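Okay, so chain A shows up in both of these, paired with chain B first and chain C after.
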Partner chain A sequence: MSQTKVLLVDDEVEFTVSLAERLQLRNYSVQTANNALEALGLVYKNRPDVIILDLRIPGMDGIETLKTIKKYDPTIEVIMLTGHGDVHSVKEGMSSGAFEYIMKPVEIGELTSKIDKAQKKIKEG
Partner chain B sequence: MESAYENKGERDLRLLQLRFIGKILAGFTHESKNYIAIVKESAGLIGDMIQLGKNSGDDQESYLEIIHSIEEQIEKATNLFRYLNRFSHRMDTELCTFNVNETLEELIALITRFANQKKISLEKNFQQDIPSITNNPSLLQLLVFHFLEEQLTGLAKDSSLMLETSFSNGSVLVKIIARGNYQEAESEKGLTNNESHVYIIDQLRGTIAKENDLISISLPVSLS
Partner chain C sequence: MKNFLRLNTLFNKSGSDRYKGLKIRIVLLDAVLSLIPLFIVVTISYFWFQQILKDDFRNQLKWEIENTKQSIEYFIEERLSTIRFITSTYTYEELSDQKKVNDVFTKLKKEFPGIVDFGVIDANGIQRSYAGPYRLLGVDYSSQNWFNEIVVRSSYISDVFMGYRKIPHFAIAVKKEIPDKKTFWVLRVTIDVETLKKYATSINLRENDDAFIINHNGIMQTTSRFHGTVLETYKDFKIIPDEKTTVKDFNQSKNDCGICGYAHIKNASWIFVAVIKSTPYAKIPNIFRNELFYITLLSILFSVAVTFMLTQTVVNRIKKSDQEREVAISEIEHSSKMASIGRLAAGVAHEINNPLAIINEKAGLIKDILEGSDNLQKNKDKFLVLLNGIFDSVSRCRTVTHRLLGFSRRMDISHDLTNINDAIKEVMGFLEKEMLYRNIKLELNLKENLPKVTTDKGQIQQVFLNIINNAVDAVEEGGQIDVSSDIKDINTIRVLIKDNGVGISKDKLKHIFEPFYTTKEKGKGTGLGLSISYGIMQKLGGTIHVESEVYKGTTFIIEIPITTETL
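Up next, the complex of A and B:
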């Protein structure tokens, strides 16, 4: 079975490095980006299956980044990552095509479950 | 009897203070959650390396690196807590003798996240030997915060904001210098306006001068 390609986007380098390693240990193929431009570059270069996207990243608003990704390829599934109970942004993200959202600090089991659900949705097309 | 100016000024000031505290707390809690998230992921990673079979003798260096990262995050969080604690105590008494540099440094630490979000660098250039002043430190922080917030709203990314202090002619000067381009004016939802600035600076018995990209606040060393 091919690995799910995950792109992890958050401005905290240490957070992305640790979480990426944890996901890799669970057999996901993970790339990381620490700002919106870097993330979009990786989306165009190495189309991921699932993107974990922090709503507050430097360079571009998280929601704008989400819209740009969905416009480029609507089949890429995006899970929003939020560090706060930002209900408005979560609602806006969901209505802009996000698959799911998850709160920080992340429960690894909850995150992998959501990634797997997103991958299942992609496969079922 | 209080004048209409004082009544309105006090009312607006309370609203501004509440909004200011709210903003500082929002930034603080966001930052704290990030530190906790990193610590949690780092601790989780050590657990994973042990549980998921990646624990050989060679991993000792990795463990030490992760532990070092956890310690760094705890230190950063502790510093932030210290700044918030000092910030909170600035409101204990209306008037006290304080060091302007320390007061501004605390403010910078608590709002750097907002600047980072906009990719604007927040820099400081403090004259180290300025005298302590007797005034209201919390009001000074509020005033500087609003000027910085206005600039952060207006400036385009990759700009910079410099906060300078100096001592001249018996007054402490605080300068806010913007360097960079301004983006199209965003609608300011805040309550700050020139009237509020005037009211606050009246309370501080200082003066404000605005000139292009430079805002200067002059404060007396003593209110007497």
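Up next, the complex of A and C:
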């Protein structure tokens, strides 16, 4: 079974680096980006299966980034990451095509289970 | 909440005085407005009524004078007619007989009391026969005025005079022509002045009143009460000879005033005079005045009572609505505070959750490595790096919690010595992350060495937070917000919060401090922030106003009074 390609987008470098390493230990192929432009570049260059996207990232609003990605390729599944209970943004994200959302700090089992569900959904088409 | 309670007690304390003052002002105004017309009406009706009574009295007096005049005229006329009748009935020869004269005189006196004597005078003025108490037989009247008068007239009524008998009396004489002999004789009757006086004083006289008769030369024909005795000259009041009965007011001095009426008496050259100094008409107004006084007093009491009750109701309503408004405002303040705390909490959650997430991942990674490998030494350096990352994140959390504690602690403290620049910086600490995400540039131009001010730091920070939040919402990505502080004058610090956002149109600008007015989309704004900020600045003795130009940006100007010594 090929590795699920995950793109991790968050402005906290320390967070992305550590989480990426943990996901790699769990056999995911992980790329990281620390702003919206970097993330979009990686989506274009190396299409990921699942994107874990923080809603507050510099450069472009998380929701805008989500919409751009879904417009570019609707089959890429996005799991939103939010640091606080911004219900309004989460609702908007879900209606804009996000697969799931997860609150910070992330419980690794919950995250991998959501990544796997997303991957399963992609495979099932 | 503590602040709100304190404000409420303050309000009630000064408020009760305010309502008392308002009540007194309304009562006084209403009393003046309702009582002035009442006093005017009462005064006018009092004088009007007095005038009516006086006019009425004067008319009555005129009527009485007229009556008295007529009875005097009738008295004279009657005697004159009787004498004429005697001259027609008896011949000169018959009446020259002393016995006959005595007989007629006795009968006459019986019918007409007041007749003193009776006599026949021949054409030469010699008394031919006489009946009466005096010895006047043979007396020659030819040189007397009345005899000269009778020669040319058919009858004559004399003024009162002393004559031979030295007692005041007047005479009625009737001439009888004897055409055959071309001569005449005169029948003369004298009448006691007291009889005349009786007629003159038959008019209704009160204590201070007087009535008498004078002749055209002002000589008293009857004895008066206060104006002299018979044959003295009457000077007090100028009588203008006139045929009509006249009633006039006179006012010669403070104690000598009243009404004088007079009437000319036909067929005698007399004037009947009544001088009325009593004022019975003044007594009636006394009664009227008492009634008027009680009616006025009752009206005043009623009016004041009604006014008082109405005012009480009105002021109570105002008070109630003021209290309701106060409660509503404090509720709004509270909910706004809650909203701003909610917003703050969301920001804080984000700020804390981010380092927590880092801690979580680093600790998780250490755990992952430990679970996957037993060679701790090999991973020692990696562990140290990860642990340092954890400590850094903990430190980040600590900063946030400290800042939050500092902010919330000041929420309830009022009037502490505050450095406005520090207050601004603390508020910016909460917002800078959001501004960073949205790529908003912040320009801080804080004047150094600003004097510290005694104010409520928490409230001032709430104002800054509200306005800078609005600025953040107003600007586009990549916009700019300038926050500056300076000293406006010796008493005031000025803080300008300027953005280059969408601006506010003039019609919206005038509403922005009104409660529940919002231009933000539904769910994003409560419409309370600016109205609360406005209220806070008023409470703290400062001001807040706004200048804005559409598409160019908005500037909020906050002025804070310096109420303590400079640093």
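Here, the second predicted complex is superposed on the first by the 125 of 125 C-alpha atoms of A that agree within 3 Å, B and C clash if a C-alpha of one lies under 4 Å from a C-alpha of the other, contacts with A are read in each partner's own complex, and residues count from 1 in each chain.
Following the convention adopted for this analysis, a residue touches a chain if its C-beta (ideal position, glycine included) is under 8 Å from a C-beta of that chain, and two chains touch if they have at least 3 such contacts.
Owing to the predicted nature of the structure, the values given are computational and were not obtained by experimental measurement.
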Clash or fit: chain B against chain C, after overlaying the two structures on chain A? clash
Check the residue A:Phe15 against both partner chains and state whether it touches chain B (first), chain C (second), both, or neither. both
In the overlaid three-chain picture, which partner chain does A:Leu25 touch, first (chain B) or second (chain C), both, or neither? both
Tell me which partner A:Val106 touches in the superposition: chain B (first), chain C (second), both or neither. both
Report for A:His88: first if it touches chain B alone, second if chain C alone, otherwise both or neither. second
A:Lys70 contacts which: chain B (first), chain C (second), both, neither? neither
Pick one for A:Pro58: touches chain B only (first), chain C only (second), both, or neither. both
After superposing on the shared chain, does chain C or chain B touch more chain A residues? C
Once both complexes are aligned on A, which of 57-65, 147-155, 471-479 or 507-515 in chain C overlaps with chain B? 471-479
Do any residues of chain A touch both chain B and chain C, and if so, which are they? 11-12, 14-15, 18-19, 21-22, 25, 56, 58-59, 83-84, 104-106, 108
List the residues on chain A that touch chain B in their complex, please. 11-12, 14-15, 18-19, 21-22, 25-26, 56, 58-59, 83-84, 104-106, 108
Flag every residue of chain C that touches chain A in the complex, lowest number first. 346-347, 349-351, 353-354, 356-362, 364-365, 368-369, 372, 386, 389, 392-393, 436-439, 523
List of chain B residues in touch with chain A within their complex: 26, 29-30, 33-34, 36-38, 40-42, 44-45, 48-49, 52, 54, 66, 69, 72-73, 116-119, 157
In the complex with chain C, residue positions of chain A that touch it: 11-12, 14-15, 18-19, 21-22, 25, 56-59, 61, 83-86, 88, 103-106, 108
